[in-house]
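Read from first to last, the chains carry the letters A, B, C and D; within each, the first residue is number 1.
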């Protein structure tokens, strides 16, 4: 039994500043097996991967490769042990050819010069062995995503990787490219390379993996056979017991204040999108990463201008310029705080007031007093800690940075507020506060549209949930009928039978 | 891999072709095509033979360039067959070298030159002379062998200026010389003339020979104001050119010491200096009209061309070292000088 | 280290640097402190100062303008050329000034479009335009000088009159420009947006700022200040040519970097720029006063730029880095 | 991809050179003279040798604007050594060591303090000129003296062998060596990798810091070689030797296809870029154009080159990628299906 397992971890534990993230994780992957790993965001799956690949060091527990005990403290040890990772954003050098990329860092030398012939021969041999469709001499810059992925895989295999870890590889692949990747993976399996496949998409798990390990709250809750398991069992294991509803709130819907989106079409990403968002309700938008949710709200907000179809507010078409929309009362909390959210070097005051200068200035001159008042009120209202308006935002904690951006919009009581993954990387306490503020804003009659992949957030906080799948609205959950399980299934294009709550 | 070798091959033969074409077409060189050496041609300019001349000043900012050019153009007014091209070397000796090579290649008949560096141009000047092109340096000469050098007296100008000034101040007057940058010291020896007079007669106590990077009003202003504050009592500021003198006058005015009677003496007598003297801001200058320099240079060039003469042919050091005298202009004779000058005085209402 | 003493420490450092320089001069050459010399320093840095305020805007939004010297030369040549050819009347000066300002706007737009819309590296673009403008200026003048000779006209009086008898006009103009830009940066919406675009372009788009047109605007203002600087310099020296204000952009960049501005944008303010200009002027003056060969001034400038950049990078990373390190360990 | 993008880019520069050459040959009388060709090659060689060094830095993703300063400093030292009679190999060696040391200093400063390439090298350019000033011959009162080199052996470097200056041969040899290093050796591979994507090359084990410092060192050494030959030709050295060469070299590299982003172009491209820029200047004189138009033209050529390169890269990038996506997808899918059914080949 022992040598049949390529990887075995024993009671791995890890905690970050006091919070236990991994509790006695025992992961077992057989040789020549495609093993899937699923779990909600924060279930600890990315942490265990980082430990196995040497990015983090484990607090305690053991790792066995091929039955031998190994000590992995850094990326190099992992590579030595035959473990290699393919991250979502590929790490290839565009200006080099396939061969050069694969052997980058460990070229085969002959008489002091890189032995191109030998390296090309080895790459060609790898290509033939695994049946990839690649030429050793093509420049990576001229290759499509699928081919780049194959090159990345080849690069891993070239170091005699026994275990290949693939982190959501299909997010940016087209259908045909994904199919191509699965064929490649099956080819690898036949040759004895085991693959640890991380994904949210159930249909992928069925299609290609043998066994599936499910994690929740830092623990492995079960290992099942991928082919035979029921979708419902998987989702229920991921979610655990359904949180009982905290009393059904009947939102004060204001029917005649709404945003209507009519057959919106954006390239091949979104097509045939029709829905209405009413004042007074929080509309949740679910779906997997890359299903076009951010693009959809960007069209509404005006950052994406080239889309077909119409978007109207109370019947009047909205403008495609962000500035005009802001004046009309729009606001957006972007998905990636760091790159598009706050201004790191500028103070809390500047970050909050930047959106409201139409109110805080006369004839182009900023009214200093009004600006300070406005900001102090916002800091107090939304409890941005520490309460020092001159402090640069880069010095704040993640949660407080998000509060600053939220305060930037809520302080000017926006009419339409769009939030994209508002609570990512925010501790539980601040999360609850954000929900309260959003609810208060909705009760004032504003339209709130929230994009989220946090199932609990989607089902608990929003009054209505739309789930996007493959660029269209796959399913709509009305009147609080949305269950985490239902949303999760819908995200993978599977419809749970109506009303059956597990 | 094959591609890269292919590229290298293509480029190599293109270059080879270019070179072959070059050698082929020049044909005439025949013997070892090092430097074409042949006699200076006799050009009969009086009856219509075409003659190409080139003037390479130091750069766009050279003050006397337009007036020298005016003198040259005046001299060839009656000879439509003589063409004169001018270039801008941007105050960089290596540009001047490239331009000299350009003129040699174009086979001009005469090259006029304000040498930016006394030694840097010698090799190209020698090449020009060997190719039968007489090189005539104006104001800023070069140490290498060339046909002629024309300039206003600098040493005598400095010496005579010292003589005139010594009459205005009592013995041992404290003096600072705002001098040229080092590389031009070989040509501009006014500072030296002044110092020699001071050593001979003890009329001045030279506090400092202040070498500036370039001689412009800004630098003159900066240098003079520092010198003023460094030495509390100064009697004479001898400046190597008018720009420096004007800058110095401004500095003195800015320091509020215009009526301390500090003597400011410039060189070459540009319009702004003549005007400053007329208004009493400057004491005087060694006036010379670059027009005549240009004119004299052109006349001698025309002679050389007609006789087919240049330094290599004559085999000696210098054929001609023409020293045009300067005139000491002070408040008394400034008005009549302004009337007679070729400098463009239209802007001043005299 | 909270914001309070971080702010004080920056000015404390600057005070220290000035004190050290003054101390050196006390020992080196006492006459440095004479009124005349101080006025000389102010006169020489007034041009730098005017240009500093312009380039500050370009630098705040993450750009750079190395063509300020040539822009000053080119625009002042246009103005003086028009002025001299149209009877040197004050009306001719006004038209000439308008032409010069229009040329400056055109240069600014070219820089802005290349940087904001074509995503080209602004230092190569501006280096290329500086050669271009030098060539055009010397082509107009056929490589020689052009003199301002009408000493009664307004053009002459710009730099040669003294306000209240003692303060030369260039210094007054510098102070006015500094105050205007300072007010804009600290009290107007435009100013707030300059910092926003400089700090994070993507985020500024989401807040409704068209960051591209904005950056073009900053480049235009930058070129305009270069034009003003050029005109004042011409009026000061009664002459202009293609080589006027050559190399000024280096001193201006030195002043801004010493004044705390960051090449990547987002950092820097007018008081810092003014301090930098003053320091640059003082150092240049000191080099002459201590009788160090003026060629060294460029070398010393180089050393100061490197030290200032290293110091700024360290300062910014420390204030950001330190806090982050503490958080992780905490 | 049979014809690589790099080859197309070089073909364009070569085409421009041939067109310009033809225009000047037919319209300008004295252009085809052997002497003029020698002149073009000599000036091109001076710029070209610096371009070899600059292309290493550019391909590695950096930029070096301090070449002017390095040339001034190493040139002046070479001039002093030569004039006291040192044999030319020793002078060349000392100069190259000094140039390399300046380059090393640039690289160390940039990597150690994470400074911005452009402003650091701009500043160190001044500093090196300052060192040059320290080294130059001065008379007792501190004013600089200009000094003519009499040392016959050293002056030989400035001479030419039946028409072609030694600097031209050195330039061609250096270009071939650089081309060989960049395209054939592991060091060259890692330079391209660093320039194209420094983070991932670091992850794959390339020591990016050491590499960056070495590219600047090579650039410094090349500048010193150019300086020595120029000083030999001009028989003296002066303060503004090499002023502005930093920018000219970068401009020539950009025109030759060595892009500012890093990872693109090669030594042959820089070679062609140097020829093109010199050809432009040389041709301009022929038409009696006022030399100020030369500056206008240079500025314009650089602007057009970087704009078209941004366009060219975007255009080819997009077109190639679209092409790749289209045919890869279908072809791959068909083959994959065939393979799955028929088992692996």
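What we mean here is this: contacts are C-beta pairs under 8 Å (C-beta built on N, C-alpha and C of every residue); 3 or more make two chains touch, one makes a residue touch a chain.
Quick caveat: nothing in here was measured; it's all calculated off a predicted structure.
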Chain of greatest Cα-centre distance to chain A: B
Contact-richer chain pair [B-C vs A-D]: A-D
Centre-of-Cα separation between chain C and chain B, whole angstrom: 34
Centroid distance [mean C-alpha coordinates] between chain B and chain A, Å: 73
Whole-Å gap between the CA centroids of chain A and chain D: 45
Rounded Å distance, chain C centre to chain D centre (Cα mean): 31
Chain D residues counted as touching two or more neighbouring chains: 4, 142, 144, 290-292, 295
Multi-chain contact sites of chain C, meaning residues that touch two or more partners: 138, 143, 242, 293, 295
Chain contact graph, described as a line, ring, star, complete graph or other shape: other
Every chain pair in contact, whichever chains are involved: A-C, A-D, B-C, B-D, C-D
Complex contacts: residues of chain C adjacent to chain A: 2-3, 7, 187-193, 195-196, 199-200, 202-210, 266-267, 316, 319-320, 323, 327, 330
Touching residues (chain side chain D, partner chain B) in the complex: 3-4, 7, 10, 14, 17-18, 21, 25, 29-30, 32-37, 39, 43, 138-139, 141-148, 158, 160, 162-163, 176, 179, 183, 230, 233-236, 238, 240-241, 243-244, 268, 271-272, 281-282, 285-286, 288, 290-292, 295
Chain D contact footprint on chain B (complex, rising order): 3-4, 7-8, 10-11, 14, 18-19, 21-23, 25-26, 29, 32-34, 36, 60, 85-95, 97-99, 101-102, 104-107, 117-120, 122-123, 143, 179, 181-183, 185-186, 209, 211
Partner chain B, residues of chain C touching it in the complex: 29, 31-32, 34, 36-37, 39-40, 43-44, 84, 88, 138, 141, 143-145, 147, 149-150, 168, 237-239, 241-243, 285, 288-289, 291, 293-295
In the complex, chain A residues that touch chain C: 17, 301, 303, 322-323, 325-327, 332, 334, 339-347, 350, 353-355, 357, 361, 364-366, 368, 388, 390-392, 394-395, 397, 408
